[in-house]
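As written, the chain order gives the labels A, B, C and D, with residue 1 at the start of each chain.
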Amino acid sequence: MKVNVLFFASLKEDLGVSEIELDVSMLAGRSELLSALKNELGTECVAPVLEENVSIAINRRIEKGDFALKDGDEIAFLPPITGG
Amino acid sequence: MKVNVLFFASLKEDLGVSEIELDVSMLAGRSELLSALKNELGTECVAPVLEENVSIAINRRIEKGDFALKDGDEIAFLPPITGG
Amino acid sequence: MDVIRVQAEDFTLATEYKACTDVAGRDCGAIATFVGLVRQADGDTQVTGLHLEHYPGMTEASIEKIVEDARQRWSLQHIRVIHRIGELSAGSQIVLVVVASTHRPDAFAACEFIMDLLKTEAVFWKKEIRSTGEIWIKSTAGDYDRRDGWENAATSSMK
Amino acid sequence: MDVIRVQAEDFTLATEYKACTDVAGRDCGAIATFVGLVRQADGDTQVTGLHLEHYPGMTEASIEKIVEDARQRWSLQHIRVIHRIGELSAGSQIVLVVVASTHRPDAFAACEFIMDLLKTEAVFWKKEIRSTGEIWIKSTAGDYDRRDGWENAATSSMK
């Protein structure tokens, strides 16, 4: 199934891409997602995404634990946020 | 010598006067000032001025203790202040 | 130069904000403002207006003292205080405080400090014209608590 | 209804203040506002601009959450939050918060709370364009301290 992956701010700059489509299996969790990402972008390239201070949002909601993806989910990698 | 006495806000309303001239002796202090005021306005009338929460300002400066008046001083009786 | 005005005329927040940004300078990152209004009701009591009296010269000096105290405590670029006097109808603007600083904590703290001290230290008298009669307003116990709270409070929170 | 807007266009304090007083109602006695600006210098470093990125939908929801939290804590009549995105030159306005309340302590506290939480909880990313290069800004330890400070703080200070 297909999921959409978004990168913001410094991640978008580091990876040189703001959005990719990934093919993952039904109910794929965090580790399968990251594996698919490594395959797609290359292990070296993906390092910034794996940093501890990067959050993952599924359909615009931060997910701190594991998750089970569904077809059409929107996954976003968010570097540290700050507004105001 | 002459000094000028001002009353503000509720005191002005209670006494029905905003400003009077008093004749006091050189270097008159707090008690002489109040006596002169009683003579001028009447003992009953002056009660609001003597209330504990009324401040006295000499030439626009609050005087909490005693003082020694000079010719032409401006004395103001201030009921509790509040701005903002 | 900070600006302090005591006036019968109304003020315009936009004009004062613009005047503040014009002089605040290159390091200004934060502008906190406060406007106090004549409430039209106090619980069930209808308020139709406010009569504000001052003591020319002494009132301005009392505000200057508050502004100087704020400058001692925080790092500020510009301060404007405008306080109205005379007859104000319900809903009218009474007081404006504008504070510019490099960082938001200083701007917020100074703006709130100035408002708190205006309540207890500024030489004004306020009479509320209510449907039930006229009443001279006094600072509340809460007003004094807030003033006293600043005495032990931290000063500049710049980092 | 509170107002939350995320937009590239500039905002006008006067317009938002007017809109606030129009809806705040008869009990409104206090309007606190805050404007954040792009500083033109950070110490000796010259700042020429700011690039602000957001995540449509998620950003608005993160601000709504902050505004709801403020409403839980204090008694407020109206809240407006406008946050700009895109390319902002030095000196530009970034963010506006307007809070109306019956009494000043609630208006001040809520305005400061919203700004503090925008720093750490709102979904934005800021890149500062400096004379020395570009840098993605992160919340500071001080920002987190201020956010955490609200957790133990008193809520409504209405009397």
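Heads up, the rule we're going with is that a residue touches a chain if its C-beta (ideal position, glycine included) is under 8 Å from a C-beta of that chain, and two chains touch if they have at least 3 such contacts.
What you see is a predicted model, and the numbers here were worked out from it, not measured in a lab.
Asks: Please indicate which chain is farthest from subunit D, where distance is taken between mean Cα coordinates of the chains.
Replies: Greatest centre separation from subunit D goes to chain B.
Asks: Which whole number of Å gives the spacing of the CA centres of subunit A and subunit D?
Replies: About 28 Å, centre to centre.
Asks: Mind checking the centre-to-centre distance between subunit A and subunit B? Centres are C-alpha means, answer in whole Å.
Replies: 77
Asks: How many angstrom lie between the centres of subunit B and subunit D, each centre taken as the mean Cα position?
Replies: 49
Asks: Among the residues of subunit D, which ones contact at least 2 other chains?
Replies: Residues 36, 104, 115 of subunit D touch two or more partner chains.
Asks: Enumerate the residues of subunit A that touch no fewer than two other chains.
Replies: Subunit A, residues with two or more chain partners: 84.
Asks: Going by the touch rule stated at the top, which chains touch which?
Replies: Applying the touch criterion to every chain pair yields A-D, B-C, C-D.
Asks: Would you pull the subunit B residues touching subunit C in the complex into a rising list?
Replies: So the residues of subunit B in touch with subunit C come to 6, 8-10, 57, 60-61, 76, 78-84.
Asks: Subunit A touches which residues of subunit D in the complex?
Replies: The contact residues of subunit D facing subunit A are 36, 53, 55, 57-58, 61-63, 83, 94-95, 115-116, 118-127, 136-139, 143.
Asks: Using the touch definition from the top, list the residues of subunit D that touch subunit C in their complex.
Replies: 12-14, 17, 21, 26-41, 90-91, 102, 104-105, 107-108, 111-112, 115, 140, 142, 146, 157, 159
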